[in-house]
Amino acid sequence: MNHLWQEIRHNPILWLLALVPFVFAAKMTSPEAHTLLFLLAVLAIIPLATLLSHATESVAAKTGDAVGGLLNATLGNLTELIIALAALRLGQFTLVKASVAGAIVANTLFMLGASFLLGGLKYHIQDYNRVNARLQTSLLFLATVALIIPSAVASADYEVPSEFMQKLSVGLSVVLIIVYGLGLVFSLKSHSELFGSTEEASQEQPWPLNVALVTLAGVTVLVALVSEIFVESVQEAAVTFGMTAAFVGFIVVALVGGAAEMASAFSGARKNRLDLSVGIALGSAAQIALFVAPVLVLLSYVIGPSPMDLQFWPGAVVMVLIATMTATIVTNGGHSTWFVGVLMLMVYLILAMTLYLLPPGGQ
Amino acid sequence: MNHLWQEIRHNPILWLLALVPFVFAAKMTSPEAHTLLFLLAVLAIIPLATLLSHATESVAAKTGDAVGGLLNATLGNLTELIIALAALRLGQFTLVKASVAGAIVANTLFMLGASFLLGGLKYHIQDYNRVNARLQTSLLFLATVALIIPSAVASADYEVPSEFMQKLSVGLSVVLIIVYGLGLVFSLKSHSELFGSTEEASQEQPWPLNVALVTLAGVTVLVALVSEIFVESVQEAAVTFGMTAAFVGFIVVALVGGAAEMASAFSGARKNRLDLSVGIALGSAAQIALFVAPVLVLLSYVIGPSPMDLQFWPGAVVMVLIATMTATIVTNGGHSTWFVGVLMLMVYLILAMTLYLLPPGGQ
Amino acid sequence: MNHLWQEIRHNPILWLLALVPFVFAAKMTSPEAHTLLFLLAVLAIIPLATLLSHATESVAAKTGDAVGGLLNATLGNLTELIIALAALRLGQFTLVKASVAGAIVANTLFMLGASFLLGGLKYHIQDYNRVNARLQTSLLFLATVALIIPSAVASADYEVPSEFMQKLSVGLSVVLIIVYGLGLVFSLKSHSELFGSTEEASQEQPWPLNVALVTLAGVTVLVALVSEIFVESVQEAAVTFGMTAAFVGFIVVALVGGAAEMASAFSGARKNRLDLSVGIALGSAAQIALFVAPVLVLLSYVIGPSPMDLQFWPGAVVMVLIATMTATIVTNGGHSTWFVGVLMLMVYLILAMTLYLLPPGGQ
């Protein structure tokens, strides 16, 4: 546990861990103080997500390339998954879907755009391996197709029976998970030489395996407990802050859930290791779209009050489509400058502004 | 006719020709056995389409590059055209449109995707001339615009008079045919050097001209007769198999009509001649979109019970758009691996699955 | 004024200036002769726009690169801005929006397509600096996102309050203007070396500064007066010619407003200076989308009878999206042939034909 302690000492973000007990204390003493609970939960999730991310990477580093890549690829968005599971258990499907779509958009536009901007302010032109960017944007495109189809069919004039939508959603989920698995085989096994320079090494020293595993287990439980408080308080807190439900799910939850990865992506961009930033941002977006979202649909049959489908609010589908098209157009060349980052951030700002202004009942 | 006989002996697909008389016999004796008629017609069309394709290529090979290219470009999808004409004469516009849109999607996603997968399982990375791919995807894009516009206008809140839609459809059809013709001038005449390596040679020996012409004439008549039986039985058979009308038109008819070209495209991919596969798949899709579809609209004024317009079911427009965008993104680089094929096939699978699950009345 | 006189003698287009007094005379004597007024106004705006364009370039040439670039970038579409302002003052928001969307589409598809065609008929293959094309199409893409979002939200089933749409429109307008400004910093300052070969020199000798400034001031007043007559007469004249309101705003006004720039773009293409044509066409489209349109929204709070929002007719949004996608796909390679020009012109023809046939009430 010395490693853990040492890391906490050197990383100011982790000092926020001190807030974790206060979340539970506040929940006990004043369960109706939604705004306080919301703020405490947000601040507590950020350091926990950072620990989770580091523990996953440490386990991955110890277990060799294939298993390690697989671990990173499945647990890399553990925070997002746990938050969504908490909302799923409470039957808050709108929040689950908004947070899934919001995480795809936040990773694609905000995380990548801010990386390009931060890197571009320091370096005139930055290059990165566009093969990986293309694989990830292709995966995102496939997932976008899977999201468009149910909405496109449902928007026709006749009433779509919910039985059809559920069967279709299960089918789409299975397809997405299979493609995600084949994508891992492609990038880690059969054509790994094309993805060579991505060098997704963690910046810090990996922990010993036992420390990493204990941290992984313990922190997962903590994130699960805090997420539950977060999900319960977020809607009420939104009203206090004058934010719409759509804005909270799409923007706030997505940014909180991705805070740890953003720190890594931004730091990579400032060190001119843009392959790292692109890999984290687009890889994470693809993972949420092709792994987290379909797993949530399938798990809803087990833990949810009723099955969840893949039919999203048309506005969310349009936003995911815009994010995917932006990433496809922008990463086509494999170069980046500060202005490319500005463009992506502005697209994100437009989406966020729309959701912020959206009158209640809009989603 | 010795050539014909020799070919039949060496190509097991052609043994299915033996079923042709049985189609007509079954039609005489049991006109109500829709499922049997449907299955027999499907199995009989496949070898006939193969013969038709070989006869067209043989005539094309004998008549020199310009006329030959033109012949291939107009008769290359003769099977699809004949099937659609049979449906057009019976006034089954929904089936005509579904089979046209389905053929574009099947050629773009299934034929090209399966070629990439089959080739990629044998070769690590395959290259092809992307100039031709770009021309064909640009043509497809133009056709997609022509399909989107009527639906986009019609989806506005006010009622669009059918007179407007018919005038617009005739205008669009003329534009598409003109662009298709100019595209032939561009690729066969003015800038043919850019399309050099496409080497669209038929794999077998061409037949003598008289054999080819007689085969072309005779088989066209047979395909026309069998297609009529196929179109009459397909809807009833669909009910028996539990398939929706949308699925039959979009998937079954398209795959049956394109069987012969698929055999050529797949065989090209296995021989590392991917230019051949890309040329057949995308060239055929472009031909259907810019030549077959508009010709059907114009012919509907002559042979149909009433004029057919170019307004497609919105879901079909979305699917054609998805297919065109997938082809544009995927063929941008001019390289292919097995995973690219998987991605395209999965997009096709998503569309097929949606249509299969679609409740009746969905189209 | 000798310079001015000399130019008029050598440029036959400017001989149309003789019609300017007749416009005002006709307005006085027969204010109800809408068709005559419309035709006179169109013919008078074309030479005035040419003078305006030359005066702006002359001022820009005298004031050095940074200020000159800025001037060109803000006053380059002065004619379009003045026409739109005249319509804005009269509260004709539909005409304003149609002319803005129409100008984007006309510059992107017609001006660029005709340049490619005219150049391609003379030269086998033409190359141009695709960095600038990419910047402009990226800016157009951002503007398209800003146009899609309000319509996408408004097309949902619930009623969107106009207050929301106005707040959103102001926010979007501010974002677009900021991005436009940062784009100028990027292309003129921080990364100007990437845009080197664009050589946007005017073909003729620049005028002395005092001649240019006086011309700029005088002609601006004249354009404003003639535009008012044009806007007042255009709708009535449209009825006479059997044109729909949508066609007039989208096609006629856009082509009249852009006549001067088209002359420069086409002349550049015939001289194999395609960088000039691409710069004018796409640069002008981006300027209208990211500068003229948002300025009009903000100015509507000052000079309009009521505030104008950024919510466009869905058909117009689809057309702008099609134009942006066409430009993105086509300029990806940095090469051009006559057939690329044909494709773009045909896309424009499809849009124009649809608007021409659209029954009244369609917009």
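To keep things simple, chains are lettered A, B and C as they appear, and every chain counts its residues starting from 1.
As a convention for this text, a contact is a pair of C-beta atoms (placed from the backbone, for glycine too) under 8 Å apart; a residue touches a chain by one contact, two chains touch by 3 or more.
Bear in mind that the values here come from a model prediction, so they are computed numbers and not experimental data.
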Rotation angle superposing chain A onto its copy chain B by C-alpha atoms, nearest 5 degrees: 120
Numbering shared by both copies at the chain C-chain B contact, with half separating same from different: different
Centroid distance [mean C-alpha coordinates] between chain C and chain B, Å: 41
Multi-chain contact residues (two or more partners), chain C: 332
For the chain A and chain C complex, residues of the former touching the latter: 124-125, 313-315, 318, 322, 325-326, 329-330, 332-333, 337-340, 342-343, 346-347, 349-351, 353-354, 357-359, 361-362
Touch list for chain B against partner chain C, complex: 134-135, 138-139, 141-142, 145-146, 148-150, 152-153, 155-156, 158, 160-161, 164, 167-168, 171-172, 175, 178-179, 182-183, 186, 190-191, 328, 332
